[in-house]
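The structure that follows is given in the form of structure tokens.
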Amino acid sequence: MTLNIGMFGAGRIGIVHARSIAGNSRSKLIAVTDLVPQAAHSLASEYKAAPMSADEILANSNIDAIVIASSTNTHVDLIEAGIKAGKAVFCEKPVDLDLRRARACLDIVTGQDRPVMIGFNRRFDPDFTTLKSAFDAGEIGKGELLSITSFDPAPPPLDYVKVSGGLFCDMAIHDFDMACWLFDAVPETVNATGACLVDPEIGKAGDIDTAVITLRFADGRIATIRNSRRAAYGYDQRLELLGERGLLSAGNVLESTVIKSTIDGIDSAKPEYFFLERYMRSYAIGWAGFVDAVLDGKAIPVSVSDGVNALAIAEAAGLSLAQGRAIELAPVL
Amino acid sequence: MTLNIGMFGAGRIGIVHARSIAGNSRSKLIAVTDLVPQAAHSLASEYKAAPMSADEILANSNIDAIVIASSTNTHVDLIEAGIKAGKAVFCEKPVDLDLRRARACLDIVTGQDRPVMIGFNRRFDPDFTTLKSAFDAGEIGKGELLSITSFDPAPPPLDYVKVSGGLFCDMAIHDFDMACWLFDAVPETVNATGACLVDPEIGKAGDIDTAVITLRFADGRIATIRNSRRAAYGYDQRLELLGERGLLSAGNVLESTVIKSTIDGIDSAKPEYFFLERYMRSYAIGWAGFVDAVLDGKAIPVSVSDGVNALAIAEAAGLSLAQGRAIELAPVL
Amino acid sequence: MTLNIGMFGAGRIGIVHARSIAGNSRSKLIAVTDLVPQAAHSLASEYKAAPMSADEILANSNIDAIVIASSTNTHVDLIEAGIKAGKAVFCEKPVDLDLRRARACLDIVTGQDRPVMIGFNRRFDPDFTTLKSAFDAGEIGKGELLSITSFDPAPPPLDYVKVSGGLFCDMAIHDFDMACWLFDAVPETVNATGACLVDPEIGKAGDIDTAVITLRFADGRIATIRNSRRAAYGYDQRLELLGERGLLSAGNVLESTVIKSTIDGIDSAKPEYFFLERYMRSYAIGWAGFVDAVLDGKAIPVSVSDGVNALAIAEAAGLSLAQGRAIELAPVL
Amino acid sequence: MTLNIGMFGAGRIGIVHARSIAGNSRSKLIAVTDLVPQAAHSLASEYKAAPMSADEILANSNIDAIVIASSTNTHVDLIEAGIKAGKAVFCEKPVDLDLRRARACLDIVTGQDRPVMIGFNRRFDPDFTTLKSAFDAGEIGKGELLSITSFDPAPPPLDYVKVSGGLFCDMAIHDFDMACWLFDAVPETVNATGACLVDPEIGKAGDIDTAVITLRFADGRIATIRNSRRAAYGYDQRLELLGERGLLSAGNVLESTVIKSTIDGIDSAKPEYFFLERYMRSYAIGWAGFVDAVLDGKAIPVSVSDGVNALAIAEAAGLSLAQGRAIELAPVL
């Protein structure tokens, strides 16, 4: 059986998902909608799908599931509309920038039986899942101190920064989810330090570009996240997990294994440049998880609840930065 | 335009090529033939192609090109039949186990205008092409000493060993081609040392399982190849090229970037297990090179002449091993 | 000219310094004192020095400098006594566990011309100085985010933990000094998260064994320190410094370069086991810095002021942990 | 008890040995002789030894052992004179450039009870001994294929090349000894390929600067050695040993662990520049082995017989290169 898909949003991330859909033998892109008709048309034609309006997609009984890859402020409404129309839903992160709205969406989703998945793709990165499997198998015993390095190669355009919800909601949210996923828990307190060091314009826009966020879990375990909007050498995405019997680490994926040794030194290749390169496989694997969940009745790998948790941590991080103190997560949640 | 393909041989390597054909938007598998009808039927049905007889494929005017993935002793006849039928031809290595037959085939091919490509897939490995590009760009100056490490994870079944043509024709032939490709030349002398160390049954079958072959080129450059039929840690495929201004090396592709540090040491992942894993990308890239050559009139990336050269080096290596001396290649060629 | 040395303390760290003294052609161990006469006698005889009382050392006009390697609570008194006796002073870290006492000592030292050096040996580690030289030379531009990993292989005996002054004063103090040294500045705020995860007995003794401390400097630069009393694979001592044009990192020094590849994986050697192995060279280099400063009138590489700063950060970290908020350093200093 | 040493030769290698002697608490440099009196005087005064004539050293009953660090053509005579004078002898490699003379020397040494050691210092390199220990402990099972990489950073002066005995006697001889030591055997056949690629002047002097030598042992094991007089990135000294259950490798020792990641790539430090840096520890350890052998009656770690074996392989390699065939070692030995 094949899952027929309607796509909301034909921008950069919609194109990524369209490729995953086409690369999976159990899913097929049927329809695409976008505020820019030309974008919808172009993506649709590449995959022999039809450009449609949003309403047509929702009303089309031949479409089994929708992918929400449109702007963040449309996510909650489309999740609810998709459920109401009886579709399975795959929605890009974040659920919303507003924690209250996201919680309300969770309430609605909870009462339904249609599968809804949030696109935290990094959970499906093969290196990260290898690390988690080793950890879950007890190879280093009890976890103690998790460290996540997440540096972008270069800051996004300032116009994007202004509507992004800020570094915590836009960038660190992936790392918050990663910490909850690896430790199978939600933190108790959130402690953030931040600065604007990369580009003063980001500061003028009210955001930071460099941050360290430290999460403390109820049983004392600690996760610390380092974020920067700029790493001149490329996308830096690493994990280190210290446990009672050792350390598990996942390093960067390099562009090649070629090493050049000259009088100037020993030079290796750089990390894959950005998320489209580094996480291409994880998008496809995450998509397969969604398809399998819908078609085979398996558990959804990333729930709306996961999305709400990550968002709550982002909100707590913002409070911590503003108030200069550790924030308890429970009241925020 | 799409290149319609008829496949000879539905075994392990045929399956690999079928996947490359399907993964390329400009080629389509139309027909499959195999001595075992069930194998042809099964592969054909997976790709919505038709099982056919060899004659039907050659006679089918809808088929533009054939892929020869059948046993080595059929290669030359099928190359000639394919050309006679007006097909482009992609043939697995080696051209033949008999150098005279391969040379005769080259004579026939040379007089024709149909493209014929030999499947030395390693030339398309992204790490190796990155190394060659850096070398050709002069990053280490003139080349001096090339070292190729090529160890299989485990020896093939003894029945295969007996018909394989021996380690030089079956295994080292890839490395001979790699040396000629990287140095853009054919060696002047061939010097081989070998032994049976892995499995005495291989020795009883008249073959060796461990070898060092050293090639000397007319201008003094040296290439040395290390082969073993067994590396307990997996497929070991590395290059090192020393030049006047430094060293370029291409390392193994590891199964993951995860490192585990415990009281027992610092443990990294192993190399990808064998050629199907390690060279999967190179098969696809090589196939694209063939499709582009046929459809766009580009140069064939690996010619029958390349196949004959590698085979001649294998024959010289065999002579060197038997006679305990360096063999000049020119008389062999 | 040779610097004649009197040693206070013949324990583990006194033995380290005695070796540095003997390995330096410009210094000579003359006298050793210790509460345990047998220890003083044994160390003295190994280096052909004389066991003496503390008063004898201070009164001996043939002794140019003293090394204070006795217990922490004696440091301040001995620094002052050494100065009063006209000796140059090399004192192990920390200056004292009590910030007020350390500050008072600084006041006294400041008014004197005898050189006094605090033994923050890690500043002299060849890898760390290589990193700092590259940073100071502008190789990655302006610094933004410094990360220090500092894990001990195993917790110290509980009796030691109880008198150690706690993880911040005893262990992290090295990292606080490292951050100030690398950034050539004192932080503005200190933010600590900690837990007792390694051994509940440490918690019962009122201490923690796992911590993340984040320092924010006036210009926004951030330094984050990860500490654990246990790393099953050995002493983990690494630096990472992100700047506007890249990242500088200093990795662990491994016990050997030997790698074993088997069916179980690719195994490297572990880091050198603990500080005596890893920092042996840095002790010798730091000692040479002291000798050169005293004999050649060069600047003292690590001043009492540096020691007070690190201690103040430790105190602020303790406050931050207790109060769950970022602590401004200025009022503490 | 202390071993009093008389040194023959105060050049580069004599200076190295003088440092090892001084660094060992059981040996003391007493006397130095050199054809250049000023050199002898200078080295002697650095270590509070006396400049003497060769005869004075041999006649001095206070001198227990001599170190022969003078030019190669003096080695055999001095070994014999040392033995006759009742001294223990430590002699730099090679025993001689002439295999017959070396064999004659071995005959003389064999009939004596004074310890004579040949300075194949690489056997004492900590990484190489770690590798050998792991191998001897059976960690990879039976050995099959040993690969030695040995590239100098830059060719020696042409005047040195002319009297060096050629690449095989001067440079590869270390690697021949390494192969015999690791495999605990002498090879059966020697197969050499060589060229002059680095500097045509070396070719005009009748030597080569680039070579691959492959040794085959009686039980089929193979060792292959790669030599070049030039590696732009520094001294390249690596071992790889493939066995039935895996691979042991020893990599280069890098100048630091610092890695710089920028837009230009990921840059590590280069290998330690040349043998004085890389093998400084091995000289000291080897010297300790000699001292322990003489004072404690332990076995000499490297015998004259080892020196003769390595020289015989060098001679066989020269024959192989000249005649283009594998040379059996037995008739040469």
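Order of writing sets the chain letters: A, B, C and D. Residues in each chain are counted from 1.
Assume a contact is a pair of C-beta atoms (placed from the backbone, for glycine too) under 8 Å apart; a residue touches a chain by one contact, two chains touch by 3 or more.
Since we're looking at a predicted model, the values are computed, not measured.
Name the chain whose C-alpha centroid is most distant from the C-alpha centroid of chain D.
With centres defined by C-alpha atoms, farthest from chain D sits A.
Counting C-beta pairs in contact, which comes out ahead: A-C or A-D?
Counting C-beta pairs in contact for A-D and A-C gives the edge to A-C.
At what distance in angstrom does the C-alpha mean of chain C lie from that of chain A?
Inter-chain centre distance comes to 41 Å.
Counting only Cα atoms for the centres, state how far chain A is from chain D in Å.
Roughly 58 Å, centre to centre.
Give me the residue numbers in chain D that touch at least two other chains, ranges are fine.
140, 231-233, 245-247, 261-263, 269
Report the residues of chain D in contact with chain C in the complex, numbered from low to high.
Going by the criterion above, the answer is residues 126-127, 130-131, 134, 139-140, 245-253, 256-263, 269.
Residue numbers of chain C touching chain B in their complex, please.
Per the touch definition, chain C meets chain B at residues 231-233, 254, 261-270.
Which of the residues in chain D end up touching chain B in this complex?
Spelled out, the residues of chain D in touch with chain B are 140, 142, 144-145, 147, 151, 189, 191, 193-198, 210-212, 214, 216, 220-222, 224, 226, 228, 230-233, 236, 242, 244-247, 323-326.
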